[in-house]
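Residue numbering begins at 1 within each chain, and the chains themselves are lettered A, B and C in the order written.
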Amino acid sequence: MSDDTFSQTGTSPKAGFARRTPGSARPKSVAALCLIGCLAAMPMATTALAQTELLNVSYDPTRELYKDINAAFVADWKAKTGETVVVRAAHGGSGSQARTVIDGIPADVVTLGIPSDIDAIARLSKKIAPDWRTKLPNQGLPYTSTVVFLVRKGNPKGVKDWGDLVKPDIKVITPNPKTSAGGRWNFLAAWGYAYEKEGKDADKANAFVGQVYKNVPVLDTGARGSTVTFAQRGLGDVLPTWENEAYLVFDEFGRDKFDVVVPPTSIYAEPPVALVDANVDKKGTRKQAEAYLQFLYSDAAQAIFAKHHYRPLKREAARPEDLAQLPDLKLFKIEDLQGNWDDIQKKNFDNGGLFDQLSKAGR
Amino acid sequence: MAQSLRPRRRFRQPSVIPGFGLTLGYTLTCLGVIVLLPLAALVTRASGLGLSGIWDVATDPRVASALRVSFGVSLLAALTASVFGFLIAWVLTRYTFPGRKIVDAVVDLPFALPTAVAGIALASLYAPNGLVGAQLAKFGIEAAYTPVGIYIAMVFIGLPFAVRTVQPLIVEIDREIEEASATLGATRLHTLVRVVLPPLIPAVLTGFALAFARGVGEYGSIIFIAGNLPYVSEIAPLLIVIKLSEFDYGGACAIATIMLGISFVTLLAINLIQAWSRRRFGYV
Amino acid sequence: MSKAIPHGDIGRPASVVTEGSRVRWLLIGTAIAFLALFLVLPLVTVFVQAFAKGWEAYLAAFTEQDAHAAIRLTLIVAAIAVPFNVVFGIMASWAIAKFEFAGKNLLVTLIDLPFSVSPVVSGLIYVLVFGAQGLIGPWLIEHDIQIIFAVPGIVLATIFVTFPFVARQLIPLMQEQGTAEEEAALTLGASGWHAFRTVTLPNIRWGLLYSVLLCNARAMGEFGAVSVVSGHIRGLTNTLPLHVEILYNEYNFVASFAVASLLAGLALVTLAVKSGLEWRYSADIAAGARGH
């Protein structure tokens, strides 16, 4: 192969142009660079060992939430035990976060968007006990949420309920249910709505969901991507999204641009938390990690959940003005309609599942 | 030792220059550890599916369509990059105009600009409410979140390859041949098409292949600007990421292997073009 | 403007070997318009967005601890990956350019391979080797060694994507120089290392500098491969490009573009230094080109 056509810099015609200038400063500076690299890497390695660090691998919309929670826990733990812990957080699509745990990220706790992602970690890596749901109160759910609609100010398309999402002139922005937990809750919420409305006819419910996704022009990989597409890039008429995410958009983009529409019924969304047993035992952080998860059920944490528009388990711990922001609506549990989580995941989202069939049929 | 034996076919020609063993050994070790071993792990993992398994993945409609989007749009983008790349290379080497050196420097921008930065910049430019997107929207053209967005991102990253492979050869063209052609009565267009262009074809093809290979694999800049819709604007690298977050390692590896195979074929094609060019024109 | 003459063709009948002036300006205009639309506008956008809310908002993006951690990590990764590739590039180009041996073309093709491998695949392959479910993952876990989702994995993925940069630049340079000068030095009694340092290195040093610049820009800017192996742990495994994405996903667009502008600035410096070198040594370049 010719070498000069492949060169990246376009210097090839000039090859050899420095032929006459002697000098040899390179090897020294290269060696110096190596040295700097090693020196710079060392403190990283040592500080990582010096203190107890917890890693919370979480899903996309909880970035702001866990900033507050982690700070509160660190202060609480310091007051109780005198020990300083550092809580680190990693955020991303729920599915890809679960994947990093399976591939060996040293997570102490996982706080993901949907139970099936934690089931997948338990099944594929055995790092979490299969009965993780029984280890913490309320099936590992310190808070719950639901799906509401974010629409443009004044709701110009008149979106009121799930049935409006299939209208021909409506563009729906929702994330890919394959990669995003929020995307899966949206999918299941639309399905559940249609199932109840059509007299528990699963085929009609499937067809309804297919209609909804025909109105989807952009399928981002995470809930955050969809929000940016809708709010910042101005695409679409309605963004079905986590309740907390809808109110966060209010705070970040201003209430004068959007409205939140609460449909009469929606899904009981369950973002669970679990201890990664194998990792905490290896790192010797079981005590702190368990305390962290217990802390999520404390009054202090519950109030923080409500403040960030999540639905706290203990409503009495939250400030009334935060609770007032969480409207009453009829919530259905998808397990009551579709059976256990293994089935839900398999039937809808696994390879060849309902979503794959619908997108194939819809092209 | 090699010299005293003088076998008909030596592994290497004798030379007084030292360091062959050291440098080649080091090269092969690095290549093995950094590149070949991990790639072998990929192929091994994919071969766990068997050939029929890989074939099933490749022909799965969604995968097939993602591959089609990646390769199809990349072909178009590489074509665009080649045409305009040639034009830019021509203008930069043949004409003097104010700011020529700056224009020349700008060409390398996509080499140096991180793809994620390019992605968010292109997305905010071409979104319906962006600077360019708003103008296009007036003509009913949607750029961002459609295959057009993918195309724009791929042209962006492919352009410097197209320019930089052709440019050195335009510099080296012997102007006297053009003069001769003109003297013999050819029109300028005729001279360009019949005399100037043919020797440049291998370089244009090489630039095309490079831009194509980079476009097919590109991820960072595209996910921000593509709509990522299955069967419409979902690219193959994104599908690998999606397969991974579905914990479908076999599927991810199969798609990756298919793409790897195609990269290798592209590189091979570049090799062949250049070998052909060496025979045909005596240089590359 | 109309005085423009065909490049390097003073005194020759211009009309014969160039296009008419109208065509010329049309072509120049098209080229510049194309570059402006596709390359310059995105770059400008980065800076416009970064300063959309003024200097203070811009600078605020860099006061955050996570931003510091991302900058530090990016520097560390480049400080390891670039020298590694420099050493590899010099070694590989020495072996390939100074000697004739069987299988050389295959070797060169294999060195090129990372160029055309999708960044996502570049990350994936290291997960397959070092991940908990990977080839040697279980062994690593037993010995408490963390490669992916930690600095070593990010460094490895970065080395992979920048692997051919230096070698590819130096091989043609060294090949063009041939072996005569080194042979002469060796005949005069110089050691191999001495010959390399005093004869070869001065000949390739500008090419080397170029490739180091581009290798560095790519190493600091890699997104796809790094995002697969990073794990996105805030303050620990986020590089600058990943930090850009995180800020973007936190609706912190000004900060996101501010950090992006840092990377874009790096790109501009890279191009400026590279072009500066080209202009400064253009006499040498011309001499070199005429020599062939």
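The rule we apply is simple: contacts are C-beta pairs under 8 Å (C-beta built on N, C-alpha and C of every residue); 3 or more make two chains touch, one makes a residue touch a chain.
The model shown is predicted, which means the values in this text are computed figures rather than measured ones.
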Pair of chains ranked first by number of touching C-beta pairs: B-C
Relative to chain C, chain with the most remote C-alpha centre: A
Rounded Å distance, chain A centre to chain B centre (Cα mean): 34
Between chain A and chain C, centroid-to-centroid distance (C-alpha), Å: 33
Cα-centroid distance, chain B relative to chain C, in whole angstrom: 15
Shared interface positions of chain C, touching two or more other chains: 105, 109, 112, 127, 133-134, 214, 248, 274, 289
Shared interface positions of chain B, touching two or more other chains: 107-108, 111, 124, 171-172, 210, 238, 241, 244, 271
Of all residues in chain A, the ones touching two or more other chains: 1-2, 4, 6-9, 12-13, 102, 124, 232
In the complex, chain C residues that touch chain B: 1, 4-7, 9, 12-13, 16-20, 24, 27-28, 30-32, 34-35, 37-43, 45-46, 49, 88, 91-92, 94-96, 98-102, 105, 107, 109-121, 124-129, 133-135, 156, 159-160, 163, 179, 182-183, 186-187, 192, 195-196, 214, 217-218, 220-224, 227-228, 240-242, 244-245, 248, 256-257, 260, 263-264, 266-268, 270-272, 274-275, 279, 289
Contacting residues of chain A [partner chain C, same complex]: 1-4, 6-9, 11-27, 30, 33-34, 36-38, 40-41, 44-45, 48, 55, 57, 60, 63-64, 88-92, 100, 102-106, 124-125, 222, 224-225, 227-228, 231-232, 248-249, 252-253, 282
Chain A-facing residues of chain C, complex: 72-73, 75-76, 79-80, 82-83, 86-87, 105, 108-109, 112, 127, 130-134, 137, 141, 144, 146, 148-149, 151, 165, 168-169, 171-173, 175-177, 197-198, 201-208, 210-211, 214, 231-237, 246, 248-251, 253, 274, 278, 281, 284-289, 291
Partner chain C, residues of chain B touching it in the complex: 9-13, 15-20, 22-24, 26-28, 30-31, 34-39, 41-42, 45, 84, 87-88, 90-98, 101, 103-118, 120-122, 124-125, 131-132, 152, 155-156, 159, 171-172, 175, 178-179, 182-183, 188, 210, 213-214, 216-220, 236-238, 240-241, 244, 249, 252-253, 256, 259-260, 263-264, 266-268, 271
Interface residues, chain A side, partner chain B - complex: 1-2, 4-10, 12-13, 93, 95-96, 98-99, 102, 120, 124, 176, 178-179, 216-221, 229, 232-235, 349-351, 356, 359-360, 362-363
